[in-house]
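Take a look at the structure set out below.
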Amino acid sequence: MRTTDPVNFAFSRLRLGALAAALPLLALATPALAAPPPPKIDSGDTAWMLTSTALVLLMTVPGLALYYAGMVRKKNVLATLMQAFAVCCLVSITWTVIGYSLTFTTGSPYIGGLSRFMLGGIAANIAQGTDIGFTLGLGSSNPTVTTIPESVYMMFQMTFAIITPALIAGAFADRMKFSAMCIFMVVWSLVVYAPIAHWVWSPIGWLNTLGTLDFAGGTVVHINAGVAGLMCALVLGRRTGYGHDDMSPYNLTYAVIGASLLWVGWFGFNAGSAVGANGRAGMAMAVTQIATAAAALGWMFAEWIVKGKPTVLGIISGAVAGLVAITPASGFVLPGPAIVIGVAAGVGCYFAATSLKHLLGYDDSLDCFGVHGVGGIIGALLTGVFAYAPLSATGTTPATSGTAGSFAQLIIQGKAVCVTLIWSGLISFVLLKIIDLTIGLRVSRDDEVEGLDMTLHGERIS
Amino acid sequence: MKLVTAVIKPFKLDDVREALTPLGVQGLTVSEVKGFGRQKGQTEIYRGAEYHVSFLPKVKIEVAVSDDLVDQVVEAILQSAHTGKIGDGKIFVSEILRAVRIRTRETGEDAL
Amino acid sequence: MRTTDPVNFAFSRLRLGALAAALPLLALATPALAAPPPPKIDSGDTAWMLTSTALVLLMTVPGLALYYAGMVRKKNVLATLMQAFAVCCLVSITWTVIGYSLTFTTGSPYIGGLSRFMLGGIAANIAQGTDIGFTLGLGSSNPTVTTIPESVYMMFQMTFAIITPALIAGAFADRMKFSAMCIFMVVWSLVVYAPIAHWVWSPIGWLNTLGTLDFAGGTVVHINAGVAGLMCALVLGRRTGYGHDDMSPYNLTYAVIGASLLWVGWFGFNAGSAVGANGRAGMAMAVTQIATAAAALGWMFAEWIVKGKPTVLGIISGAVAGLVAITPASGFVLPGPAIVIGVAAGVGCYFAATSLKHLLGYDDSLDCFGVHGVGGIIGALLTGVFAYAPLSATGTTPATSGTAGSFAQLIIQGKAVCVTLIWSGLISFVLLKIIDLTIGLRVSRDDEVEGLDMTLHGERIS
Amino acid sequence: MRTTDPVNFAFSRLRLGALAAALPLLALATPALAAPPPPKIDSGDTAWMLTSTALVLLMTVPGLALYYAGMVRKKNVLATLMQAFAVCCLVSITWTVIGYSLTFTTGSPYIGGLSRFMLGGIAANIAQGTDIGFTLGLGSSNPTVTTIPESVYMMFQMTFAIITPALIAGAFADRMKFSAMCIFMVVWSLVVYAPIAHWVWSPIGWLNTLGTLDFAGGTVVHINAGVAGLMCALVLGRRTGYGHDDMSPYNLTYAVIGASLLWVGWFGFNAGSAVGANGRAGMAMAVTQIATAAAALGWMFAEWIVKGKPTVLGIISGAVAGLVAITPASGFVLPGPAIVIGVAAGVGCYFAATSLKHLLGYDDSLDCFGVHGVGGIIGALLTGVFAYAPLSATGTTPATSGTAGSFAQLIIQGKAVCVTLIWSGLISFVLLKIIDLTIGLRVSRDDEVEGLDMTLHGERIS
Amino acid sequence: MKLVTAVIKPFKLDDVREALTPLGVQGLTVSEVKGFGRQKGQTEIYRGAEYHVSFLPKVKIEVAVSDDLVDQVVEAILQSAHTGKIGDGKIFVSEILRAVRIRTRETGEDAL
Amino acid sequence: MKLVTAVIKPFKLDDVREALTPLGVQGLTVSEVKGFGRQKGQTEIYRGAEYHVSFLPKVKIEVAVSDDLVDQVVEAILQSAHTGKIGDGKIFVSEILRAVRIRTRETGEDAL
């Protein structure tokens, strides 16, 4: 629940439940009571969150896996699929063991605690069919009450923890050692992802209390992955043959399937971040669709005008840029601004991926930074500009109790962006250097030339 | 016996085959190749990365024929593969010393 | 909510809600009061509609995109994917700007109004977490009350507005200019789709008040797209090399993935058209599955008998034919009739696509008319024959208050089919002619021979 | 609802409904009354079950179809896709006609009755919008009451009946006649699947009353299909060229897409088996994810250590093995044991598929038995070891009223495994022999060498 | 030196390679080709559209051998590629003027 | 005229083409082939089934040149395709009796 006053919001949701129906006045009158009765889960909200979890998993496997694999040369297609699949498995276990606990238990403003180590206690509330809704920040001064079981909340968030590192793989495609990648991803998910997610999404996280708006992960997921990708591109160096060899995509069909599944799955990502099946989820889905379409067209027309032809890779890249940019904004903005955000992201990322990158000369192979980093920044900032208060309102006076776009809010958003850029950039850099000095980051030149499918995995597509 | 090798535009393949059949050519072997020549290749741009693809898709036809058929075969290819535009391709003729049909072990022109 | 007396239906649904639980007698006693209190949304219904929206988007990208791309030659695979993807983006924006307003605001029996231009006002009811269910035909004499937020209704309908023009692309595959296609699709969605959808689905639409039954879009979506496709095939003319060149599909694997995703997504299309998670949705899903299987087997066996071999392209084509034919019937018929509708569609479309087309000599490349037009007509007519009254019943006497199949109903269905054929055929034809005379519809012969991937988009699959 | 005391459970669920809200004490006080008022459906539970149905269909088409097709040689890719697609259609009709009735009507402990022949009566309860929840085992001494319409329950179970025979196809890939396959699958679904499913899942089924725990189909689906596959491999004999020809997979990309969609769809399979959107569904989804990740890593590392390289085929095979093994356990175990089950399945199936098979010398082409049979056995047994009582508790004393893992339970699980192995093995064998002696099971050697795509279906991928 | 070119049925490739090794043939080059000949192609029907595919998949083997090995090589291919059914393929022998191994610049028969 | 056929490592293709252009070679034809030779193939293991893939991907370049250019062309290929590692490939030279450009019907060296 990413609202600024989530308790009230949750309570007003509660009024839909059978329990609260009996005592709505009391519920409204005493929102901040120390120990409210634990909320019943809502089966509709739970149904949507279970669905959203499946949709976000679909984004990584096979969505992202195909999106990236469709852009590389034939000799690296399987290795690229393998990266996303392996990250999915590795982070699932990491999250189970300690990641979830560090991110979503109450802890301090800087990191969660260890009370959910190995997910201990997560089943406590489901016995007897009297499932109790999960409370985020339990015991803190600012708990967020939800109407879904903790197991579902944990799973939904796991799929976010999976896709974020998987996105980074776009930057080092075609040249990173598989073993190094495994280690990097596991550690990164704990030392970069977990803290940033805690800062932004825990009700007592320091970026949250600063007032940062990030509905579904513009900073936590996209800027974070984008800048980590940039570090990978810089530390690993360019692909062998960069600028000389033909590195055209083997089969963009895969990329189109992947981008399409990202799009469909992103409904779970953004509308699921409403943590319920309600009007805010509906609006989040609507603006997701609108911004994505606008960004896809933005990139396509920019390319059509500049280069003379609209390309398939262009339109799908634009769509992904739009999905990225609307992510932080999705529960906060209306359709009109969604178009603006979409066009800005589509055109902005087009120039980032096609001009800026070549200008600066780093080889972010599949534009992890150009699309996720830049798109995420555009979205995070514009959220501060376009937020429409009633969407996040929780009290009885919508226009004032929600957060509206303003110059002050833009500044707050800017701060959160900078914090993410710095923390993720710095820690990722250090991590990469350590791995490089110990087991090495990059495959040998010969292996790279022969292709990772055969040299790392002993397989090939015929 | 001679081997006539023709590199042609892919979409002309059926026309060439149809032109050869009336001459009594009973078989031929075809491969997909890429050709580099006077015909310009294309520049492809993928997210701003430009690749000049100098090789264009062509089809290579190899047909073994008896010496007295060579001229007719060359002529038939010349006509059926012709568009008049750059990149129409080439015909090369070379010598075959021996030919054998695997199924029957027939040799020489009987093998064709 | 495609019922004949939706208000009652909605009210009886309401009894499940907490609010109504307090006053069920009153609610039942006064169903037609001028100003009933606005309904609360139901989280379960909303969850299912959010899911359905994702499923229907999945049908277009990547479903339909792959289904079509798997049937064309290698040189046109990407261009075919591009068509579906671009239509998805273009219509999303068109719908946001004006399409939704024209289709689903109350307006007149012939077209909606402008009150939702740029989706203005769509967020009005979601503040404070007290989301209010959307009322279709608000202010008219015959409003339909739903239990989902308007944003969700709008999004669900957007996915229908997207797939309908995307279907048309099957008819002009391999030869239409991309620019011409973009313009055609945008205008078509406003001057053909929007009015027909309003006629059939608005509670005051003139085909609706005539008594037309079309649960999920047999006329609105499939006949409509089918006949527009036929016009494209006629106006554009045949593909170069038609009847001479080898135009066999490059990779039917893509077509199988596409058809499968169409099948899965169609559950959202048909069961989602119940606008809620209820028994009618369940029955709609069941008959969708049954008719699809029957049609797939119908086509497969017909082909096996006639041509000696069951083909993969055959069984998937049959499945799509079945999905099309059950679409208008899905909320109205029982499993037995679903088998009949399926077999009729499978065998009927088999002959339409394999014999009729060659007899008449038009080149409907991927059988947009042969499958969607013919299948849609079969389904629309048989809905009039097989409708089982209790499924659409809203009053207390199910056998009489719903609509049952009858000769009279068959005539009504026939009228709706004819109206759709004429309007869509005529306007599509005029539109195509205008575009042909201005910017031109068709690529040059050389471009067509070289393939659209390279000539239109500058890309290729290796 | 796979609980040992489902009536109580359902009643405690009911308290969430509006009806029960009015009389919670009464509901609790009289759980075992002979004729409780029929339950209202819950829209949230229904929404999740509709979604789960779509997800499980996604597992077969295109999931399983691609998973298998990606492992065969180019000449058999389409034929392999065809198998899954055709089985999907054939079993849909078989299930509609008689399969559902035989499996899920009350009948005797050994087989259901004929009261739902052609699904007669399935629409009885949906009129007037007052949908009534389906009661499994109605009229028996031990009815299970659900909160979803019967149509949805029937559809959800249909997707299970579809995927089970489709799994078998992995064993006889590349050499079975399509006609023989069609007949085998239809008959098998009635004489093997229907009885076993009834024994285990009907509240009065004899394996159920024995105390067998099988949440989502470890015995019913996976062991069952696995051993039937083994019989196919034995009766059909090895592929021509086995051990000599290069039979390496044509395009593992398809297999990765397939395995990923299996993973995503399996959320519907396992979490959907809670027949509602509740905490148990959430836990089932969580352990599914965790066991799958653990198994994928288990197989990958086993292979990495033994053969020197982690492979893409390995990690996806491990994932499927984990999904299989957690299936019976998913509603019964906690995250910790899920990791154990996953690792056991990943490593166990790795050795089964790579060593055991070659040792014994049968040609189970795509490891139907090695993954589904062995993985299913591991999962079924470990469910008996690790079951955590509160998850299946239905009374007010969670620790005692649910089923906990124990040596006694392990023995019960062992019995169910043996019964399944024997019944499925025996009947499958007889069935195969009969078909072999009548129309013949296997294609000619020449057809096999040329490839099934061309010889059986007259199509090819270029 | 001679170049022996054989067009054979694809599934015979491994047999042919195994038959050549004992003769001392150390290398060969293989291409996927399509053959047109006496062996009938197939008619494929996609939704009622019939395409006669006259070209069948074949494999072309090219092996450069010293003059004294030619007969043995031809014989070995004849035996190992033989099924006796139509479409077994052909063997053609032609002259090579020069051969060089790129790695070592060895020429002539040493290069093979 | 001579036909120079070179079987090389795939990633050397662009280098070879670039090395030939300065010599006045205006065209060439390329095919993807698989090579069997001294260079070991790889063993691939799919779920425990081992397949020894003896054939490695190579590229075959065919270029028709006038007699006086042959030596230079062979030399240029030798240099540009060289890595010094096993599997660098071979060059074969053979005789062309006739060459025709399909577009213009020019023959002989004018056709190249």
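Labels A, B, C, D, E and F are assigned to the chains in the order they are written; within every chain, residues are numbered from 1.
We take it that contacts are C-beta pairs under 8 Å (C-beta built on N, C-alpha and C of every residue); 3 or more make two chains touch, one makes a residue touch a chain.
Please read all numbers here as calculations on a predicted model, not as lab measurements.
K.L.:
Both subunit A and subunit D are touched by which chains?
P.N.:
Chains touching both subunit A and subunit D: C, F.
K.L.:
Considering B-C alongside C-E, which chain pair is linked by more C-beta pairs in contact?
P.N.:
Looking at C-E and B-C side by side, C-E shows more C-beta contacts.
K.L.:
Could you check if the interface between copies subunit B and subunit E is built from the same residues on both sides, meaning over half shared, or from different ones?
P.N.:
different
K.L.:
Distance-wise, how many Å sit between the C-alpha centres of subunit A and subunit F, to the nearest whole number?
P.N.:
The answer is 49 Å.
K.L.:
Roughly how far is subunit B from subunit D, centre to centre by C-alpha average, rounded to an integer in Å?
P.N.:
Here the centre of subunit D sits 55 Å away from the centre of subunit B.
K.L.:
Which residues does subunit E have that touch at least 2 chains other than itself?
P.N.:
31, 44-46, 94-95
K.L.:
Do you know which subunit A residues sit against two or more other chains?
P.N.:
Each of 18, 21, 42-45, 47-48, 51, 246, 248-249, 257, 277, 307, 311, 313, 458-459 in subunit A touches at least two other chains.
K.L.:
Touching pairs of chains, all of them, please.
P.N.:
Listed by label, chains in contact pair as A-B, A-C, A-D, A-F, B-C, B-E, B-F, C-D, C-E, D-E, D-F, E-F.
K.L.:
Looking at the complex, which residues from subunit F come into contact with subunit B?
P.N.:
3, 17, 26-31, 64, 94-103, 105, 111-112
K.L.:
Which of the residues in subunit A come into contact with subunit B in the complex?
P.N.:
71, 246-249, 307, 311, 313-314, 317, 353-355, 357-358, 367
K.L.:
Show which residues of subunit E lie in contact with subunit C when the two form their complex.
P.N.:
By the definition above, subunit E touches subunit C via 44-49, 51, 53.
K.L.:
Residues of subunit D touching subunit C in their complex?
P.N.:
17-19, 21-22, 40-48, 50-51, 53-54, 57-58, 61-62, 65-66, 69, 77-79, 81-82, 85-86, 88-90, 92-93, 96, 118-119, 122-123, 125-131, 148-152, 154-155, 158, 178, 254, 257, 277, 456-459, 461-462
K.L.:
Where on subunit E does subunit D make contact in their complex?
P.N.:
Residues of subunit E touching subunit D: 11, 14, 42-46.
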